[in-house]
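Provided herewith is a single structure, encoded as structure tokens, for subsequent inquiry.
In order of appearance the chains are A, B, C and D, and numbering begins at 1 in each one.
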Amino acid sequence: MGERIAIVGVGQTHHKSKRPDVTTAELNAEAIERALEDAGMTMKAIDHIVMGSFEVADGYHIPDKWIIPECGGVGKSGFEIQNVGTTGGVLACGAFNLAATGLFDAVLAFAWQKMDEAAGAFGRGGGGANEYWTGQFPMSPITNFARRAFAYMDRSGCTEEHFAMVRVKQDQCAMKNPHAQLRLGLTIEKVMTDAMLAWPIRRLHMCPTTAGAAAFIVCPERTVKKFTDKPVWVEDWYTCHQGGALTMAEDPTSSTLAHAANHVYKKRGITNPKKEIQAWEVYEPASPAELRWMEEVGICEDYKAWKLFEQDKVGIDKEIPFNPSGGVTATNPIGATPVVRLVEAALQVRGDAGEHQIPGKIERALATGYGGQGENVIMLLRKSL
Amino acid sequence: MGKYLPEISEEPIVVEVPSHSSFLVSTGATGTKFLSAIRDNKKLTGLKCPSCGKVYIPPRTHCADCFVRMSEWIDLSGKGTLTTYTVVRYQEPYMPKEPPYAYGVIQMDGADTGLVHMLGEVDLDKIKIGMRLEPVFKEEREGSILDIDYFKPSA
Amino acid sequence: MAGRVGIVAVAQTKFEEKKWTQHTAELMYDVTRDVMGQTGLKFEEGTGIDCTTAAGYDLFSGPAGAYMFLGYVVGAYQRQDERVIEDGSLATYYGAIQILAGHVDVVLLVAYNKESQVPHNQIEWGGMEQIYQRRVGLEFTSSAGLQAMRYINKYGITPEQVAKVVVKSRKNAANNPNAVCCDSLTVDDVLRSAMLCDPIRVQEAKPSPVDGACAIIIASEEKAKKLTDKPVWITGIGCCYDHHEMGYRDLADCMALEKSAERAYKMAGIKDPMKEFDVAEISEQYAYQELLWYEGLGFCGKGEGGKLIDSGKTEMGGELPVNPSGGMLSGLPTCVAGMQRVCEAALQLRGEAGDRQVAGAKKAVAQGVDGPAGQLQCVITLEN
Amino acid sequence: MSAEEKKEQESEFIQFRYPRTVMYQHSVGYQSKFAHALKQCRIIATKCPVCGRCTIPPRIVCPFHHVKQEEWVDQGQRGRLISAFKINFPMFNSRTGELTWWQNPIVAVELEGGARMDGWCEETDVDKLKTGMLLEAVWRPEEERQGRGDDIQYWRPVPE
């Protein structure tokens, strides 16, 4: 392994549905300003940058080029990483790799999405490899998760009400998070009567469109002390993609998350993730997905997660502190979402999450990124190494 | 099942697929202020960095060198000097004018940067680096950089 | 540098104007299969290829998340996979970083592009700053025009000197079976061709569209030695951003390239690039850029690019042959170009460059570029 | 002017749009055979020589085994329903540039040959669709078939 690395500063914007008061570049600058302030450093200390967004949703070609000058990147090393919804996760791994080489003193990573500028981007549908085939079907994350939820209900025996329970729990968490976009004060009835997008996905079940950005700074061990006395160590990271093969999967509810999580657990000797990891920030683009993801990261057996909600075991101060920030159904600046997960997980480890802080000592936290039809990124954080 | 089908043609085909999109661009508070000054007062303005003193046009919120927020607006005369130019001789659907026409980088008086815009009222063969230029505004202005029709040689 | 990173296999397709019979996936498959065949590696974490890193532009490939539907071709199925949306040289850069980080040992790098699928100017127009530059219709070609005019005027570069780059490129490309354009041209032929975007003439611009792909397998020092008898070592890497706005920078300088080169040379311990390198493969989308990049790479002083081409030192057989393969002017797709430069440099150092071989090449430099007027630069130094 | 556009203009901050139409010319390459088959009302799929999985749309390699798939297998005209959903909101259609309502549900079908594919369903009431039910392809008339996915007009539920 290369050098040990730690996150020394994090920052995110107050996520909103529309931000006409800033350009995409200025939105990023806001998040970066906060990350630098959090780390107590100036832009001069940064010597490598890595950034990204889901650019087709933005409608720009290689947007890093015109965003970088606003973000203090002129004269610095850097490049853009992109991979649909996991963009933020893949670029976070990029930043970890850069820091772990020990070649750089401080690496800044940021990601963004300004969904208010990208009306209808997701109707673009289809995929590059299958352009003349799937392009005729209106495929989007909504249809993707409708399909997953349909199969999940079929296999697990849970009902729509359980999905509503998940959504209400997420909202309760989001209410305590000042950065979250949707803070609605939901009840099960409200969710159950919301507009149906594609059975069984209701509008409230789906992640919103968000204008937001998030940034963090990661350093190799030798420079960590210079910037902070509360470093968040990065224990491991792993990307796992499956290239749009959802229709081929034996189990349409599954993603690569279980594979990725098991890989990291094995490498790190984690045998009981439920006990050994105290904070979870998992990218669930729709509330039914949260159930499946809980099973895939090893919190409970397959198709049993809905019972945990029935028993009221999930919440910030409950047995399973899953997505204390309110998760993706509350805030979703697509490209930046995995970075938001990472930022929130780091805040939990530091004990700086404020109202949505999980009580007790957080030794380990797990953040993930999700994209496309089952692409996943795992980021494992620790308080001490 | 599992029958091999030799009779189907394997001749490669090419398909045409149109992709329509309509993306919104926010100019933000800074851009709006700059563009409104052009629209309402035919005035070009720049932002000055409180740290290094550099004046930027087109403006941006953060100084590219110092990464500090800028808030001091400077009125510019709009006049400037041509530092480089090019004549576009091919046609694309997004071009604002009929080619051939010229782009120039105009180093603005009172600013440390140049502005890219089109050149007009000048013979394309007679454009010279170093020539003095001033903006020509459109009659109907909507709050866009295209409210400046082009830059012309100033007397 | 913690350890060295070695190139163990390279592959490229033939580059053609329009590969209309082949799907993008087929191009990627061909090169992937080729490098896997050379090394005998399979997609197995720990014992085979650990990770894929691709370079490709989604908007060139088609609809949303195009790479998501192509990744499986290069083995990115339930495995580690990363993608930079930059020139291929930066995928190489990032691949090396991953190995130096100790996170993986063997990385498959793939760059692909089918320019023929889209009107590339229109896509690149979407890559400009949105409010002031894109609005006036500026894109990468006209940006290059602005840079060329500034450069030739500031330093008195003559049209003949720029044309010589094209002549050299075509002459070298005749020895490269993968090149698109290898017709023999004279300086007069180039200067007689139509103006594209003053002062750039049609013959002085990269032929477009061009389709193709290339792949590289890189490995940690220990594994590289096991995988091949002729590893090519990546000794230095560097990249740097410049301003985007044309008016914010002096277009006749290439600060980003100077800094990238400085970073890579420092890592590799290169002090006199002109003397120490035996061959250079650089990304000149337009002829004037080769002269400007000479300066940025430290082959000559500022404003002396014209004199350097006049001296003949960068011709085949000269002190430092630049682009023995013909470079981008002989026809390479954007995005693939940077990685193909590394491929070519590696072939030179392995002594496998065929008719375009520079005898006894030991050290090489490859350079990639992305964005308008060389905004993002990447330099990679190699040694055998 | 749509309500949306009106709101944009009323914002205190200046906003504007870049409408764009890009014509993609995709080389279909190895998938061409699949398109030609559709014109003949046949569904064929590539088959992995290692695991025997059939894939639609055809893939050049099996994602699981990374071996070239050169064998084409006829998939028949019938299949079983895996999942179904109906979209109850208009979605932006990039091919027309307009918001479009789709009345028919989208179904995933496992064909007799083993491959899975998406398609429209003739039955518009999603409640009547059950996993495992038998469906049959209904093709467009010959003059309308273009060798594309929607050459199959829809899948019709048929009795066992």
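The definition used in the following text is that a contact is a pair of C-beta atoms (placed from the backbone, for glycine too) under 8 Å apart; a residue touches a chain by one contact, two chains touch by 3 or more.
Bear in mind that the values here come from a model prediction, so they are computed numbers and not experimental data.
Trainee: Could you tell me which chains are in contact with subunit B and with subunit D alike?
Mentor: Of all the chains present, those in contact with both subunit B and subunit D are A, C.
Trainee: From subunit C, which chain is the farthest off, judged by mean CA positions?
Mentor: It is D whose centre lies farthest from that of subunit C.
Trainee: Compute the distance, rounded to whole Å, between the mean C-alpha positions of subunit C and subunit D.
Mentor: Chain centroid spacing, subunit C to subunit D, equals 38 Å.
Trainee: With chain centres taken as the means of their Cα atoms, state the distance from subunit A to subunit C in Å.
Mentor: 33
Trainee: Between subunit A and subunit D, what is the gap in Å from one C-alpha centre to the other?
Mentor: Computed value for the inter-centroid distance: 29 Å.
Trainee: Specify, in ascending order, the residues of subunit D that touch 2 or more different other chains.
Mentor: 12-13, 15, 18, 20, 22-29, 31, 35, 59, 63, 94-95, 147-148
Trainee: What parts of subunit A, by residue number, touch at least two of the other chains?
Mentor: Residues 20-21, 23-24, 59-60, 69, 74, 119-122, 124-125, 129-132, 135, 242-243, 245.
Trainee: Which residues of subunit C are in contact with two or more other chains?
Mentor: In subunit C, 20-25, 59, 62-63, 72-73, 77, 119, 122-123, 126, 130-131, 133, 243, 245, 248 touch at least two other chains.
Trainee: Should the pattern of chain-chain touching be classed as line, ring, star, complete or other?
Mentor: complete
Trainee: Taking the touch rule as given, give the residues of subunit A at its contact with subunit B in the complex, in rising order.
Mentor: Against subunit B, subunit A makes touches at 19-26, 29, 32, 36, 42-43, 58-60, 69-72, 74, 114, 116-121, 124, 131-132, 135.
Trainee: With touch defined as at the start, can you tell me which subunit B residues reach subunit A in the complex?
Mentor: 15, 17, 19, 21-31, 60-62, 64-67
Trainee: Applying the document's contact rule, which stretches of subunit A touch subunit C when the two form their complex?
Mentor: Subunit A reaches subunit C through residues 1-2, 23-24, 49, 52, 54-57, 59-66, 68-69, 73-84, 90, 93-94, 96-103, 121-122, 124-131, 135, 237-245, 256, 259, 371-373, 375.
Trainee: Quick check on the complex: what are the subunit D residues that touch subunit C?
Mentor: Checking each residue of subunit D against subunit C gives 18, 20, 22-31, 59-61, 63-64, 66, 68, 94.
Trainee: Enumerate the contact residues on subunit B facing subunit D in the complex.
Mentor: Going by the criterion above, the answer is residues 1-5, 8-29, 31-32, 35-36, 94, 143-144.
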